[in-house]
Each structure stands twice: as structure tokens, then as C-alpha cells.
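These are the structures in question, set out in turn.
Here come two complexes built around chain A, the first alongside chain B, the second alongside chain C.
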Partner chain A sequence: MTNNTHHTHEPLIQVSKRDDMTWYGSWAVRAIAIVLALAVCGIVTVLLTGLDPISVYVSMFEGNFGTSRRLWAMLKELSLLLCVSLAVTPAFKMKFWNIGAEGQTLVGALACSACMILLSGKIPSALLIPVMLVASVVAALVWAVVPAYFKAKFGTNETLFTLMMNYIAMQLVSFCIVFWENPKNSNTVGVINSDSMLGWLPSVGGQKYAMAVIVVALLTVIMYIYLRYSKQGYEISVVGESQNTARYVGINVKKVIIRTMAISGALCGVAGFLIVSGVDHSITTSSAGGMGFTAIMVSWLAKFNPLFMVLTSLLIVFLECGAGQIATAFDLNHSVADILTGIILFFIIGSEFFIGYKIRFRTKKKEA
Partner chain B sequence: MSTNAAIELRNITKTFGSTVANKDVCLTANKGKILSVLGENGSGKTTLMNMISGIYYPDSGQIFIDGEEVVIRSPKDAFDYKIGMIHQHFKLVDVFSAAQNIVLGLEDDQGFDMKKYSKRISEISEQYGFDIDPGKKIYEMSVSEKQTVEIVKVLFRGADILILDEPTAVLTPQETQKLFAVLRRMRDAGKAIIIITHKLHEVLSLSDRVSVLRKGEYVGTIATADANETILTEMMVGKKVSLNIHRDEPKGMQERLVVSSINCINREGSTVLNDISFCAYSGEILGIAGIAGSGQRELLESIAGLQKLLDGSITYNDPKTGEAEDLRNKTPREIRDMGVRLSFVPEDRLGMGLVGNMDIVDNMMLRSYRKGKSMFVRRKEPKNLAEEIIERLGVVTPDSSTPVRRLSGGNVQKVLVGREISSSPTVLMAAYPVRGLDINSSYTIYNLLNEQKKKGVAVIFVGEDLDVLLELCDRIMVLSGGSVSGIVDARTATKEQIGLLMTKSREVHHD
Partner chain C sequence: MKKLLALLLSLVMVLSFAACSGEETAKDGDFKIGFIFLHDENSTYDKNFIDAALAATEAMGLGADQVMMKKNIPESAECYDAAADLADAGCDIVFADSFGHEDFIIQAAKEYPDVTFCHATGTKAHTENLDNFYNAFASIYEGRYLVGVAAGLKINEMIANGDITEAQAKMGYVGAYPYAEVKSGLTSFFLGARSVCPTVTMDVKFTNSWFDIAAEKETANALMADGCVLISQHADSEGAPKACEEKGVPNVAYNLDTRDWGPNTALVSSKINWQPYFEHIIDATMNGKEITQDFCGGLKDGVVEILGLNDKVAAEGTAEKLEEVKAQLIAGEIKVFDTATFTVDGKTLESYMADVDSDEAFTPDTEVVADGYFHESEFRSAPYFDVDIDGITIK
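The block that comes next holds the complex of A and B.
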């Protein structure tokens, strides 16, 4: 009799966490996601433009690898994005939500251009590039340590703080552009030292972007070793996982927060330096180009593993360069390319859900 | 009589996995009466109340309201049956005023008229003698005021059955008296009131009847008029059960850790440690008993260097140098740098003692990774240690590179205890080391503690099962409300004696 009062309320879909997926299982899920994404993109392309989707994909590839010039342009974008991604990684691994990489990079770029403009010809040219690098690193480091200090000392919200620092950095650049205008009234800085090429990163093997690529490749390996094998990297993991545990084993949490953000900022400074000295030879308010935010996605998608970040940043850059190519090759509005990029990212980010969670649908049970 | 019952539970059973939280529990709360539900921690009081208020759904059993069987599937159902629950942790919106919180979520067909509501709130306050300012914001309120808002909230919605989960835990004695006056008035107005508590004197002074739970099982109900502290304690702790835990006579006892008159307040400003003094000897196991939240955690954390103390001293006598050193307000790192070999198995294993997402090897390094001048960590020794612990303590795991979060509770604990004793400590503190462990794992832990005691370690064991405390420990210190209410010899003490000490309130000054 009492059995009648037994009710079960099983929901239609049950989502539960899982952490038992093998590495090949999770890569299989990701591969399926990409295939699905390409299929959906194909359908959307046909519906919107009537173009043959295969030729669109081919054009995407060509946009990245078609010519040596395109390849190097892609590598340049890749190395810059990867550099900023490496910068945000230690902070995010520590669960310090640094969304100020944009501003930190910009301030680094600003310091770099300031040195280029103000010091060229006044100090030996062999010294100029090291001075530019140090200035960029120090400026970005300060930009990152300020919010870290306030977080450690007063528990301020780092997300808001770093975000607002972005705007200050941008205004600072606008302000400086007024003084450095070239030509007058153009409201831009123009190419700095376009004749003397002072403070420009030298080209390697005839490739002007090669130096940036080499630097970032080295940084990737160093960051991987730092996070995986160094004591400081270990402390970052512990603080990120549980501040209580960190305190329990005697880690000075405040010190780790500030130190890690200093590293994060310094790397943003390197990125700023590479942008100005190695690539643009100029500065605008959009020199960082939103990379400070894209980098967060690169870092998360790679689960904070610097080696995987090569792949995830390649994916993002590939989509961007490819999108640009589609737009020009088929004379399309750039928005179509953006839609395709959006669909692909949606599937890839969405696949992470299926790797982390199990989905079970309600199975019909016979009533007893 | 049965027409008088506002709510009746029959044979309610609820299990979580393999743990039985409630087994065949029967309860009746009458209109115009106050029923106390009494029990130790983990006796299933809160689970039971959560089933009445629709948060959990029972596995089996029946619930009757006004003599009719009902099904309570959700908090909304509970509310429709005029059941109101006042949780231990308030569920209020900080930036809203009292009145806004009270009417939050209310469905009113006649439009939303704040004036009308304020008037009703004032009426309710007047009727029961609440002291409440409807316009005051929650974040400006004291704990007691917030509680008042919670109570008015359920009354405003017309609750006839009120459940209060440990309502006095956060109140001062004066505030408690005020709350009791209000509860009596509500009782006189015909409400059925259920209060969950483990404070005996409150039970005796407030309620009409008491129902006692022990380890999820229903022990019985008696009228308060027929009860006294001894009877209730006996019902609560039960008869002594023999566990056959091995115990040696302590040997070579020396004063290892002398705690004298330490005081500590928490972030909210209330006293959590009140003038605590004791001594832990080498070669003995000192048990610490008490209701949860009586200061056990704070006491151990003070010794480990994780709590700031107001005053007092914690003296460590180094067995090697013979020197006495004060550990008070030192950081864990300073304590280690002083050469004090203090090991601590905290209550929160994955939140404090270990890092859940790291593998066993990396968790082994937590204490020792700093060793050496190199800037890189060495994973060789931790790996050996991990393998050794897995082997010796029989940790069930695929390998040493498995994240500890994937291990079962008992294995997690073996990893943690194994690491803590691997540094050959002179003082070993363990907080609830067998909580949630099966019998075999529990005995493994008891054996490890005994082994340490034999080696001359001063072991401090915080436990909740009195049978275990009585058989494992040499002495038992009982905490109550942040003070030491007694230190007894575990070989001669009885369960009732400890139970009484646990519920003993600090002597109130008589005028």
C-alpha cells in the first residue's frame, strides 16, 4: 500500500559531469564538431550566397597558405595572438580574471613607440631596440601589477579593474598621438622612422616577420616549462585550484598573485613591442586589435597548455585570414565570412561541453 | 488527538547513495504546540526537514497534513500546504529592504501594492511582537534582524507550520530570549512549530514535546514535562557500542604543545574560541569532542597558523633542542621554518588538505615542493612517496597520476593522512579523519594514528562519534560554544558524561 506513494521524478534530460573521457575520445568529439561545423557552414553558404561551399573552403585555405606572403601574414598574426595568449595564461590558470591584456599590450606598444620616436638618433642604435623592449615590458608590467596589488591588498574585483585599465590605456594612446602626429593634422602617427628604420626588428633570412615568430616560439616553450615544471608554476596551480590549500601549505597567496600578474603583464609588453617594432612600426588606439580578448578564448580552449595554444590560436587566425579571403575572392560582404567563423567557433566551443558532461535521456520504465 | 495534528510523518526513509540519512522516521507536530527535533550532527534532522519543505523527496513513507496524505514535490508545494521553513543560512536579497524581501516572489492578482503589504507586515509584527523596520535594507541588519525578516516572510505568506533550523545558533542569549517569546506567541496563536536543535536547555525551556533522532533513526518522542537533560542525552547518544579499537598505554609522555588562554573572533565579530587552555602530550591521543561548530576547526587552525588570535599563547616544546617556541600568529611557513614538524589533516580534505584536480604525485609535493635551491620542482621523490603510500595504505587508484578528485572518499583520506605522516611529525592533528569512510578505511586510519602515538607523536583527534573517541583516545577534551567544558579520561568516562559536557552552556552570570 505504501508503495503507491513512491513517486520518482526523473527529468527528461539529465546532465552530469564526467571526467573519465580518454584523450582520443575527446579529440574524436572535437573532430566530429569540426566536421559538423563545416557541414552547417556549407548549408548556410549555399542558402545565403548560392556559392559552392567546397570552393569557399578552398578559398579559405588559400587565404592562409596560398602564397608565401599570405603564409607569413598568417604566421605574423599567429605569433602575436599566441604571445598575448601566453601572457594571459598564468593569470587565468591562477583564476585571476585578467581581461586587461588589451590595455597591457597597448601600453607596452605605447612605451615602445615613445622610445622609437623620442630616442632615435639620441642613443646608439644598437641600444635602441633593447631599451624599447625594456620600456614595453616595464610599462605593461606596471599596468598589470596595479590591479593585482589592489586585488591582493583590498580584495577589489580584478575583472572590472583590468577592464577599466584598458580604457585608460586607449585614452593615453589617443593623447600621445596628438603630439606625435605625422604628417600634421592626420591624427595618426604614421610609420615611425620610415627612412632610417631605426628601432625596427631586423629581418631574418629575408623575412621581416621571422624574428617575431622565433621570439614567440621560444616564449611558448619557456611558458610551457615554467607552468609545468617550475616551483612558481606549481604555486600558480595550487592558488588557482584552492586558495585555502595554498594557505594551508604556507604559500603566500598575495605574493603569488602579484608575481604572476607581473609575468602576465611583462609578456603583454613583449607583445606590444613585437607589434610596434616588428610589425606595424606605428601606433594607433587599436594596435592591440582585440587580441587581449581573443587570447582569453585561445587560452581556455587549450586548457592553459601553451603547446595546445599553438593549435587553438592557429584555428582562430586561420578563420580570420580565411574569412578575409572569402570576402575578397567572392566579392562578398565581410559579414558572411564572420557568420561562418561564428558557426565554426560555436561548434568547437560547444564540443567542450560534450567532453566535460554526460547527457542521458529519460528511459521509459515500466510501471510496476 | 489526531485532529490536532498539523503535520504527521510516517516511516519516512531517505538514502543518498549508500548512506541512510533517515530511516523509518515518524513525527507529529500538533497545532498550538512546539516540537523540538533533537539529535547530534549527522543524525538526519536537516534532511528530514528538507523533505517537509519540498527540497528533497523521500524514498518511502507518508506525510499527512491535517489528516490527509499529501505529496510535497517542491518548495512551492510545501508553501501551498502552509509550511514555512526558516533555514540556518538566510535566503535574503541584501540590497532589498525587509518589506521587499518579504513580498519577493509573491503572486497577487490584485496588483502589487507596497503600501498594503507594509501595513500587513506591521500587523503581523504587532501581533507577535516582532521588532522590524520594513524599510530597512538587509545589508544594514544584524543577524537577528535578518532572522526576523525570514520569520515574518513565512508568516506573511500564511504559514501555519513553521520549521526553524537551528535558529539560536547565530543569536546572542538576549536575542534568543526574544526569539523564544515570539515563538511562544505564535504557538498561542495556534501555529505548529518545529525547531531543530541540539541545545538541551533550549529544548527544555521552550518545547512541549521532543523527538529524538540518532544516526538517521528515530529514537522516540517524549513530553518535555517528563524529560530532563540526562534522559535526553541518553536518547541522543545511545548506549555504548563496543568497537574493539586497539589502544596502548601512553608511554614517555612529555608536554609537547601547551595552549594557554587563547581567544579568537571570527569575521562577523562573534567569539569562536573563548579562553581555551590545554596541553597535548607526546605519545598520547587527545580527543576533541563537541557539537559541530563549537570551535574545533578554529582551534586546529590556530595551532596550524591559519587563524589570527586575539591573545594567549601556543607553546611548542621541541623534543630535539628542548627549546620552547611560541607558534601564535605565525604563518604555516614560519612554523615549518622554525623546524616544528606539525602535520594537519584538515576537515575539508579536497578544499584545504589536497588539490582535487591535481594527481596524487603533485599532491604529495604540496608540503615539500619548496625543498632545494633549484627553481624547478622535483617529481621523483613525490612519485616514490605516492607509490609507497598507495602500496602501504592500499589506496585504490589506477595509478599515481590520477587526479585525487576521482578517488573515493576513503582513498582521498588515505592519501592525505599518508602524506601528513610521511614527514614524521611530532604533532599530528586530524579533524574528522574518518568522516564518510567505510569501516575498513576507518580502522586503517585508527591504526595509523595509533602507530604515530607509539612513535611518540602528540596526536590530536577531532571526532564526532563518541564511541570511537572513547575507545581510541587517552584523554578527551570537550568543547562547547568555543570553550572547554571539560577534559576527561577516556578510559573511565561515559558517553552520557561527554554528551552532557557537549551540550553544557557556559555559566550565565546570575544577578
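The block that comes next holds the complex of A and C.
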């Protein structure tokens, strides 16, 4: 008898990159992922709480769309998250790892509330809101350009640099709260100009959050056009693909890095402005609420396409608002809702792997 | 055509039935109360409110569908959204538990004049002049004074046993912020201890956070390393009690019986029992009675409580002494902030203007020292005692 076994080692699982997935194929994978995620969530829900998973999902929908107020609250969260996501997108597309959107947004919010507190009643109220907007944008822009300048000039690590700027921003807010706190020593600023409403974004059609939604909708379209059709948008893509190529074709890489981060920072400033002037009318160290980090996920999941980002940020906001509703409706600990959110995100991020890569298992050779 | 008509008719019937049944439930049994909590049960502060809310709603016979709880609501516009959402859902009362919620609750109160909004620890009900916005607090300084007495007795025992000398009798206090509520609490605790142990002093350190497990633990450890032989705290986590258990140093807690965290060191605890207040607002709203605009409960109505007295740790005779002092406090024979018992910069406090009515400039507006004592929580429920007295060192 002869043994014909090959001795070349073939791994059990082979993973290879693929580019051949059709658009409907990739959406099918995503749909399957969501169905699977819901199924797993259902099992976990039953095991952990004994509740009927369908009613849990229904309650998630109600948390987002149940009343017009909830719908607007959801739209508000959506537009703020989308605004920060739009901000980080050009930088990430350029492969500039801006982990500092949180701090940039916070500094924008700080500048905005500083104007609201210090300038109210001292300048004409028609001027106040434009001044607040400009101050927010400039402050956040500076916060973003500093690490960009160091990166372009001295090749410093932008991830660490932007991350550390977050902590400086947070301490700066703590510091300012000491001067603005109301009442004294309470460590809270409270609602600014709660009686005069100076510096509050006006409501549109009776909806106080409508202005923020409109602004972000416009920014989304502008960012889409900028990245897709403008020369600068193209330069960002080239620098992101390969800095050497960019240099070879005559792009001034340093200039593109600084310019793009300036745009990134300016948009964070707009987000900070919307948070203070349009929504909270107050400032705390957690005004940015972790959005600077969540935005990175939104942007990546949408492959840096601003229009898809509407969908990905909707997904995340939907899960958040739904999670809160589940906790209230079924008197569950928030952690249960967080677990479900985690499962759903796990599957959705996982589905991107199956869209981008092919998996082949080792096939058993038939023996002769 | 006939089919369509039949369908329409049946639809009308169904709808009218629905409308009828809707009206019927609207009359009785549709009372609803909504709660907004800053954190969830993992914070001792919020757990104290949540437990009281559950107990009160059960005692008042409310069903599960009449109670809505929103937990982990930050002090931002989200609080306003949550309050408005509860009002939309048909709540007759909306209650919020954290100081920073106040402005956002007032915002909602202005928008929903038919809904009652109650807020614990706030300061603005007596100045906002809204018909549907109420504050509540408690004279918790009485409770702090009592647990201070227990701490003083424990230190006396240590001195008598020769563990420490009289000069080493130093307590440590982990505070959250140098805010009136905290200062009022730590001063009353200290005065309670000194009423039985005349040589005692106290070091205070602030964490600048209401809830930070690591910082509270660190701070407690630093105080103990500095020679403090007993620790108390006004911060909401298990940080300090657990640090004390590791080092074997007695600990006086707040809001919670901490004997689980420190079986060998937890001495006693004081807390605000919110159940009577919740029952008051539910009863008042259901039966059309008046709600106290600025409610301040105390020892006498069971709102301020002493709990978790640990026989393993407490000095002999503590329980009896506490009963005695409690009776004297209720009778008004002892005033916690009796100006004869403390000095400020070496002098007796003759007069003090407190900022009782909140305004942007924090103008002191009310004379609060009279008849030989500082009138805490009498001009408004939230504490305003923020004087640094001799014997307490703020580090």
C-alpha cells in the first residue's frame, strides 16, 4: 500500500481579500448580519430577563419614533453625532488619526458658552449668535491645527497628540466652570440666560432642535460634494492612499494635512456651537458626551461617505435611544440595553469583514 | 360598495369603543409618577432614591404601569427631554434627584403647567414662583451630628484603650465638592464628635467628583496615612468604606448600611429616607392637596435616619447615647450649629449673611445667626452653612 498524503501544510482557514462583491451582495451580507444580531439579542434577552424579545424590539422603536418629541430628540442626537462624524471624516480619509474630535468639540462648546456668559447684554443680541459661532469655530480649529502643524512640520504622532489635547480641553472646561458656576461651589454652570434666552438658537416651526437638524443636513450635502467633486477632496484621497504618490504628482502634503485638519476642527466647532446654543444651553466637562469617539465608528462604518453616514449614525442613535426606552419600559438595568447594543454593533462591524474578505476552509482531499 | 360601507361602519364602532374605554380609564387609576435619576442602583446616592421610590409607590398602592423610572439621565438637555417625555406619557408628577437637573426641570415645568415637578436638593423653588415646581431636602445635618456622636464615642474608646493619645484624636473626611451641602454635613459631623470627645480634630479632602471610586479610595488612604484614626465621607461610592476595611480603620457612611463592604470597620451611617416625601407628593397630587413648596424633613418625621449601627465596631453604650441625643435634637434642646460650641478664626460667630435666594452674583441676602445658633435649612431646605470652623483643616 502506498500513502499519497501531501506534506505541504494547508491552514484550516484561508482568508483572502476580495473586491468582487456586488453592491446587492454586500447589502445582503449586512441584512443577514442584522437578522442574526437580532436573533442573538433575542436569545440573550430571554436568557437574561425572561422577557419577550419582540416586545423589547417594539419598545426600541417606540423609544425613537413613539411620540413626535421622541422623534425630535432622536433627530437632535442624530444631527449632533453626524456633525462630529462629518468633522472627523476628511482627516480619517487622509489617514490622519484624529482621536481629538472630543476635545475639539468641547473647546468649541467652551468658546460658545464663554461668549454667551460674558457678552450677553454687552453686544447687540442680533450679533451674539454669529459671534458665538465664529468663536466656537476658531477655538476648535486652533485645537485641531496645533497637532496637524506638528505632524506636518516635525512628524509627531497625531494619535497621541490629539488624544492628549482632549484632556487639556476637559481640564480647561473644569477650570472655567469654577468661575461660571451657579450657584457657587456647586460645580455646575446651570442653564445660561435661562430667562432672557440670549444666544439660544431660535426654534423653527415651534421645534427647538429643528435649526440644528437643518444646519447638519446642509453640512452633510456640502461635505459630500467637497469630498467627491472638489479638487481638495481629491487631494485628500491621494494623500490618504500614499503620501509619496501625492508628493510625486506635486501635491503639497503638509499644506493638505493642515488645511484638512482645519476643516475637521472647524466642523467640530460647529458641533460644539450647536450643543451649547441649540441644545444644552450649558457646559460641563461631558458636553461632548463621547461623540468624538463614536463619530470615528460612524465614519468608518460608512466608508467615509457622508450620505451613508446618515444611516450609520442613525443606527447608533437608534440603538442608544432604544436602549434608554427598554431600560424604562421594562425596568431593566441600563447594562442590559448596553449588552444588546454591543451585540448588534459586533455583528454589523463583523459583516464588513465578510464583505471585504473571502474565507475558504481546507477541503479534505479524497484518498485514492 | 356595501362591503366598504360595512367596513367603515365597523371601523367607526371600534374607534368609538376605543374612545369610550379611553375615557373610562382617564377618570381613576390613571395617576402616574415619573422619576429621573442621575445614575442607577450602582450609586449609593441614587439607590437611596430608587429604593424609597419603590417603597413609597408600593405603599401607596400604585401598580407597575403607574410608575416610570428613567435612570442614567445626565445633567443636560437630556434631562429636559426625559422630563418632557414623562409628561407626554401622562405622568402627573415628575421627580428628579440630582442638583444639576434643576434648571432643566424648571424648563419643563414652564412648558407643562398641569404637571407637578419636584426636585430634590435644589434651591430655586422659593424664588422661581412657579405653581408646579417644588424643592425638597432634609435637615440631614441632624443625622450627621448623631453619627458624629457615635464617632466621638469610638475615639474615646480608642483613647481609653491606649490605642491613641488624646492629641492623636484626628478624624478624616472625604468630601465631594467644597459646596454648602458638603460643608454643612462635615461640620455637623465634626461638632457631633466633639460634643463627646473635646480634643478631636478633623482633616478634610475633596475629590471634586460626586462619584469616583478610585479617587475616594485614594483620598481615604491619604487621610489614613496622615494619621486619621476614623474616616467618614460625603461621596457616593464604595471607595472610602472599602479602603477603611483594608486598613482596619472605623468608617462612618452616608445613605447606605455599608456593613457588607466593611463588616469589621463600618460603624454607623446616616441617610435621608425619601419615602415620606414621595408619599406626601403622591397623596397631595392624587387628592388635590397642597404640596410643600420647599419641603424639609428631619429626624422627627423619619426623613433623617440612622442605620447600620455595627455592634462589632461601635463603643459600648453608643446605641443608648444616640437615642438620648436624638430625643434632645427632636425636642430642640440641642442645636447642631449652636454658636457657643464652635469658633471661626478664634471668634464666636455673631452674624452670618447667607446666600439663600440664588442670584447670579451670589449676594448674601439673609441673616441666619440668631438666638445663639445658625439656622440651617430653615430659610430654604437646601443647606447654606458653608463656614470653615476652627478644628477642621481643609487640605
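Going forward, the second predicted complex is superposed on the first by the 358 of 368 C-alpha atoms of A that agree within 3 Å, B and C clash if a C-alpha of one lies under 4 Å from a C-alpha of the other, contacts with A are read in each partner's own complex, and residues count from 1 in each chain.
The rule is simple: a residue touches a chain if its C-beta (ideal position, glycine included) is under 8 Å from a C-beta of that chain, and two chains touch if they have at least 3 such contacts.
All of these numbers come straight from a predicted model, not from anything done at the bench.
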Fit or clash - chain C, chain B, common chain A: fit
Which of chain B and chain C A:230 touches, first, second, both or neither: first
Which superposed partner A:252 touches (first chain B, second chain C, both, neither): first
Touching partner for A:125 - first (chain B), second (chain C), both, neither: neither
Chain B versus chain C as contact partner of A:238, first or second or both or neither: first
Angle at the Cα centre of chain A, taken between the Cα centres of chain B and chain C once the superposition is applied, in steps of 10 degrees: 140
First (chain B), second (chain C), both or neither touched by A:186: second
Which superposed partner A:171 touches (first chain B, second chain C, both, neither): neither
Partner chain in contact with A:327 - chain B first, chain C second, else both or neither: second
First, second, both or neither for A:203, with chain B first and chain C second: neither
Closest Cα approach, chain C to chain B, once both complexes are overlaid on chain A (Å): 34
Contact residues of chain A, present in both the chain B and the chain C interface: none
Contacting residues of chain A [partner chain B, same complex]: 2-3, 5-7, 9, 19-20, 229-232, 234, 237-238, 241-242, 244-245, 247-252
Residues on chain A engaged by chain C in the complex (per definition of touch): 67, 69-70, 73, 76, 182-188, 190-191, 194, 279-282, 284, 286-287, 289, 324, 327-328, 331, 333-334
Contact footprint of chain A on chain B as seen in their complex: 11, 57, 59-62, 69, 71, 73, 304-306, 331-336, 344, 346, 348, 350-358, 362, 365-367, 369-370, 374-377, 403, 405-406
Of chain C, residues touching chain A in the complex: 40-41, 64, 68-72, 74-77, 81, 84-85, 88, 99-100, 102-104, 106-107, 123, 177-180, 208, 355, 358, 360, 362, 386
